[in-house]
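What follows is subunit A paired twice: with subunit B in the first complex and subunit C in the second.
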Partner chain A sequence: MSRLPVGRWLVWAFLSVFTVLTLFPIYWAINTSFKSPVEVYAQPPTFIPRDFTTAAYRWVLDGGKAMPAFRDSAIVSLSATVLAVTIGTLAGYAFSRFGPQVGGDRLAFWLLTTRMTPPIVAALPLFFLFQDIGLVDTYQGLILAYLAFNVPLATWMMRSFFNDVPRSYEEAAYLDGYSLFRTFYRVTLPLVMPGIVATSILVWIFSWNEFLLALVLSGREISPFPPLLPTLASGYQIQWNNITALSLFAVIPPVLIIVLFRQHLVRGLSLGAVANR
Partner chain B sequence: MQASTLQHPVPAAAAVVGPEPLIRIEGVSKRFHETIALEAVDLDIPNGEMLILLGPSGSGKTTLLRIIAGLESATEGRILLAGRDVTDLPPEQRNISMVFQDLALYPHMTAFQNIAFPLEAKRGRNKAEIRRQVEEKAAMVDIGHLLDRRIGQLSGGQRQRVALARALVREPIVFLMDEAFSSLDAILRREFRAEFKRFQRRLAVTMIHVTHDQEEAMTMGDRIVLFNRGRLVQVGSPIDLFLDPATLFVARFVGTPPMNLLRCQVTHDNGAFQMKGEEWSFPLPPPVAERIERGGKTDAALTLGIRPQHLKWRRDPWPGGSIETVVDVVEPVGTEEIVHCRLGKGEMQGLFPLRAGLREGDRAYLSFNFEHALIFDGIDDDARRLT
Partner chain C sequence: MRVKQPLTLPAAARVARPRRATGLNRSLGPRLMVAPAVIVVLALTLFPMLWSLQKSFYAWFPSRGATSTWVGLDNYLWVFTSERFWNSMGNLAFLLFFGVGAQMVLGTALALALYEGVGNARLRVLLLTLFLLPMMMPPIVIGDLWAFILTPQSGVLNFLLRQIGVPAQNWTGAELGMLSITITDVWQWTALPLVIAFSGRSSLPTSIYEAARLDGASRWFVTRRITLPLLKDLLVIALLLRLMDAYKFFDAAYIITRGGPGTATELPGLLTYLVGFKDFDIGRAAALTWVIGLIAVIVMQSLWNMLRTRRA
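Let's look at the complex of A and B:
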């Protein structure tokens, strides 16, 4: 920050405007969620609900569709995260240590290319494929679809975390009589724990918020919450109060997790993911 | 020094050698794709020896250490450990302990857990027994009070001690060290050299230590193995290498301040042999001259090597011939001073008693006794010793 008072004021002014711009939609969502359907459309808009009501929240809690949707979201996103991070950790280790032998030098790039295709390209083909083998509208189907997108990301991230662990740590363990697997478990894995946490959070948030694949591949038997939201906007009225209440509910778990694990996340996403180095 | 000792370097620790060496390295080569990292190395290492693998970076010394450890596989050749062929064994089955350049102490463990780590490799060990052994070794290296600390909370010297304790806690066939002191400052490094050597003697263990620091090699080693560009150049005690270098490379690499190396030629005019450099010449004593003539090296490009401590100086020319130089810099080092003298485009260094009287800008006539002079057959690293 500048030592000049003028410079400092400019920075503060910029940050204040930025903060307002960032927080306003969130404030507006909270504001709207406590309004009645009529007040939502009031002109001029009210900045504090005139008829304060918790109807929208009651709708979320026992409105029939919302809570099952959260349950489905939780099941799918947690399963996808555990599987993607497990596979990504093992694959990332293999690529980090034996990369040149198994994947060539450009492997990291190839892993990332899977993220370059928009998911919509895969969504419809996946639907037809899944229909043939009975995976549409199942937990397994959606989890599998998420894995296809998350395993490369998790692998790529874990690979770079493993790259930060010096080879000599493992070599010392081999010489001390440890096998490859025990070395991995006793030495390498504990050192990339911050990386695992960071990767898990990213993968989980992706799965929790994912909309497109959930919309295409589910909807009747199972339905995560993101595709539920647009159904509230169809028909003759957009239920903004219910939409915002549902959205705020959906935001709570990621916010809590990020607040709780922010140190891991920061360390994991910046350099030096290896503990205590 | 006779040329005959050159062919048969006598190991300093020969007294403890049984008929079978502890480690035998037979024709070990290592190639990475096209590059040759190590070429046909043969070496026997007796039990209880402090062996130093010395050489500049990229000379193959670390590669050989890693092949002994099993971290690298040899392209050709065999490694025998205590009579057993371990060439194809993975490192965990070799019973070797190693201190790495970065020490490889685990930051997620305490000092105690780090030292106990090798003992826990075998499952089902008695916890109390592990504790006893860890505490014993920790006390030995003076870190008994630091066992609960994490590695990040220890100083460089303390980490070095933890690494030493971790190496000592097992009873391996051999201890390997890969530039283990490189992270320490000069004072601590000196301290640890002495300390490691003391432990090596006291426990009568075999150590192989890799370094590029010739001073470290000279002070620690029973024997030194000198590498250059993947080849083993010379094996011998520090004093052998110092007094009796086999090639120009050894002469250049070993000793501080470094040996003075001057290009020269031996000429033969009417029965008198002269050694001539660019701006100097000496009459050559008959025994030296004979040897050079027998080798057919008169008029060939040779190199004269003379240690700084063997130079003598005067302000006037020496009767038997001398090298005229101008003093450039005088560096006092303890009880002596290193005098850098300009000679044409090059430089010569003399090691003289402190306050010998030479000042910057003085004219100094340097000379030496021919029994200290080494003459090499050629001007490149591979040039062999003639006398």
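Let's look at the complex of A and C:
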């Protein structure tokens, strides 16, 4: 291939510009989070905090709003992940091994359709139905609502991971007289552990990041951090330093995960279209 | 499935044991395993859908009291004749065309630039990871970071623009609101086509590229005539995933413009939310959920059939 220096320069310019564009909002959030409420609105804006202060971080750590929100987010997202991955692993195995017996592609696809539907379609009726049975503003209600979208994802992902495991081990176990569940538990499950980890990570990130269901189904008794943000970011004299500090806290867990588990996420995000290398 | 016949097993056992395993527990077992998933998803979609269907034939404003009146198909008629609905569909078309379009072009270009242009493997992984960060961040956080950057009076974007001689713009106004929302979506989701194209490119055999080099093919020729055609199937999947996800777009629009000013930046999901939880017009909101839900299912089903026939 030709090695035109112009081409190389173009490639580097392109990558550099995109790197700057990717980093700028993150840099700006860090910069803002160390400013005072007055300096946030300074004109011209300061690119390094003039009066460096950690007040915003103290607001996050001591304040009555941020930490309870993170606690609620953690409770809801972790519970939803455990339940969705457990249910999805069982169903994914059945779809992978006994497809036609359990409804086959048609049922598996129907499960996926619910994931592609805008969440408001479920959120509107769920709000009124949950109100009747006292599930609005409860952990149980929000966890249940998250299952509607994450069980299909977990099922679909686990099905693809089970498809990768050769059936010969299971056939051998059946010949040894193992029952279906014993085979599943003792033979197949250990082989898909990496898949379970990858699925859990993705389901957890989606639950942690979820906004609309949390906005509709919670807010008073319990409130995960996503619906808290718009209430802070409205009105006049918005405290952007507090908001950016809170946002950075919220971003740390998913960012750590992507740095550590990047390879495992690709497959899930493409719904199995791209295999791990 | 291929079963290796164990040579040591007597013929009788060979027949007897698999039969035991194919008895009750193999036909009931799989159904038991699928049952929790089906029950959970059915309970959380079927009941709500039926509830919405019923409400969509009534005029019901819970904030004004519990009484609801039967209005037949009026709510659906409103959906299809109201300017707000078609306006939100137009905004969606803008987001899908420019937003997803930009993500596909940028993502593919970045993937190829990274794979073919960056020789140092460590730098390549570092940049790839960096580009993936926005994709994993909460969309509502991305919305608030951009809302601050785009603030018309004190935002840093207008400041930077003034430095290079461009007058300040009203980024959250009626003209530019949709563009601002689209920018945040591009910032977050360019990573998806990028990572899919990158994985696809790195699994292409090097022998093709050696052959092309020996034939003296130019880099542009190789990209256009070899790489892109080979990546086409994966890129189609990336495109479908993005289109389906962009249809659900809500968070950043909610925090940046909340559909405004007026109805300028309303998208179908956001419109349904506003009709339901701001106007408290539950009948119309319920009709809207059925319309946008059915569109999602029909589009998904036809895309699915299209992909299947292509593969077969």
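Please note the rule applied: the second predicted complex is superposed on the first by the 245 of 277 C-alpha atoms of A that agree within 3 Å, B and C clash if a C-alpha of one lies under 4 Å from a C-alpha of the other, contacts with A are read in each partner's own complex, and residues count from 1 in each chain.
What we mean here is this: a residue touches a chain if its C-beta (ideal position, glycine included) is under 8 Å from a C-beta of that chain, and two chains touch if they have at least 3 such contacts.
The model shown is predicted, which means the values in this text are computed figures rather than measured ones.
Regarding the shared-chain residue A:G177, is it in contact with subunit B (first), subunit C (second), both, or neither?
The answer is both, since A:G177 touches subunit B and subunit C.
With both structures superposed, pick whichever of subunit B and subunit C touches the larger number of subunit A residues.
C
Could you tell me if A:A233 is touching subunit B, subunit C, both of them or neither one (first, second, both, neither)?
Second partner only.
After the superposition on A, what does A:S168 contact: first (subunit B), second (subunit C), both or neither?
In the superposed model, A:S168 contacts both subunit B and subunit C.
Go through the superposed model and pick first if A:A122 touches only subunit B, second if only subunit C, both, or neither.
Touch status of A:A122: second partner only.
Once the structures are superposed on A, label A:F211 by its partner contacts, choosing first (subunit B), second (subunit C), both or neither.
Touch partner of A:F211: subunit C, not subunit B.
Which of the two partners, first being subunit B and second being subunit C, lies in contact with A:P224: first, second, both, or neither?
In the superposition, A:P224 contacts neither subunit B nor subunit C.
Of the partners subunit B and subunit C, which touch A:P190 in the superposed model: first, second, both, neither?
So A:P190 only meets subunit B here.
With both complexes overlaid on chain A, does A:Y41 touch subunit B (first), subunit C (second), both or neither?
second
Across the two complexes, what residues of subunit A are contacted by subunit B and by subunit C?
168, 171-172, 174-175, 177-179, 274, 277
Please output the residues of subunit A touching subunit C within their complex, sorted ascending.
Touching subunit C from subunit A are residues 1-2, 4, 7-8, 11-12, 14-15, 18-19, 21-23, 25-26, 28-29, 32, 40-41, 43-45, 87-88, 90-91, 93-95, 97-98, 101-103, 107, 109, 111-114, 116-129, 144-145, 147-148, 151-152, 155, 167-168, 171-172, 174-175, 177-181, 184, 205, 208-209, 211-212, 215-216, 225-226, 229-230, 233, 240, 243-244, 247, 250-251, 254-255, 257-259, 262, 265-266, 269-271, 273-274, 277.
Touching residues of subunit B toward subunit A in the complex: what are they?
Result: residues 69-71, 90-92, 94-98, 100-102, 104, 106-108, 117-118, 121-122, 150-152, 166, 170 of subunit B touch subunit A.
Hey, which residues of subunit C end up touching subunit A in the complex?
Within the complex, subunit C contacts subunit A at residues 1-4, 6, 9, 14, 17-18, 20-21, 25-27, 29-31, 33-34, 36-38, 40-41, 44-45, 47-49, 51-52, 55, 106, 109-110, 113-114, 116-118, 127-149, 154, 156, 159, 187, 192, 195-196, 199-200, 202-203, 212-213, 217-219, 222, 234, 237-238, 241, 244, 247-248, 250-251, 254-255, 268-269, 272-273, 276-277, 282, 285-286, 289, 292-293, 296-297, 300-301, 304.
Residues of subunit A touching subunit B in their complex?
That would be residues 166, 168-169, 171-179, 182, 186-187, 190-191, 274-277 of subunit A.
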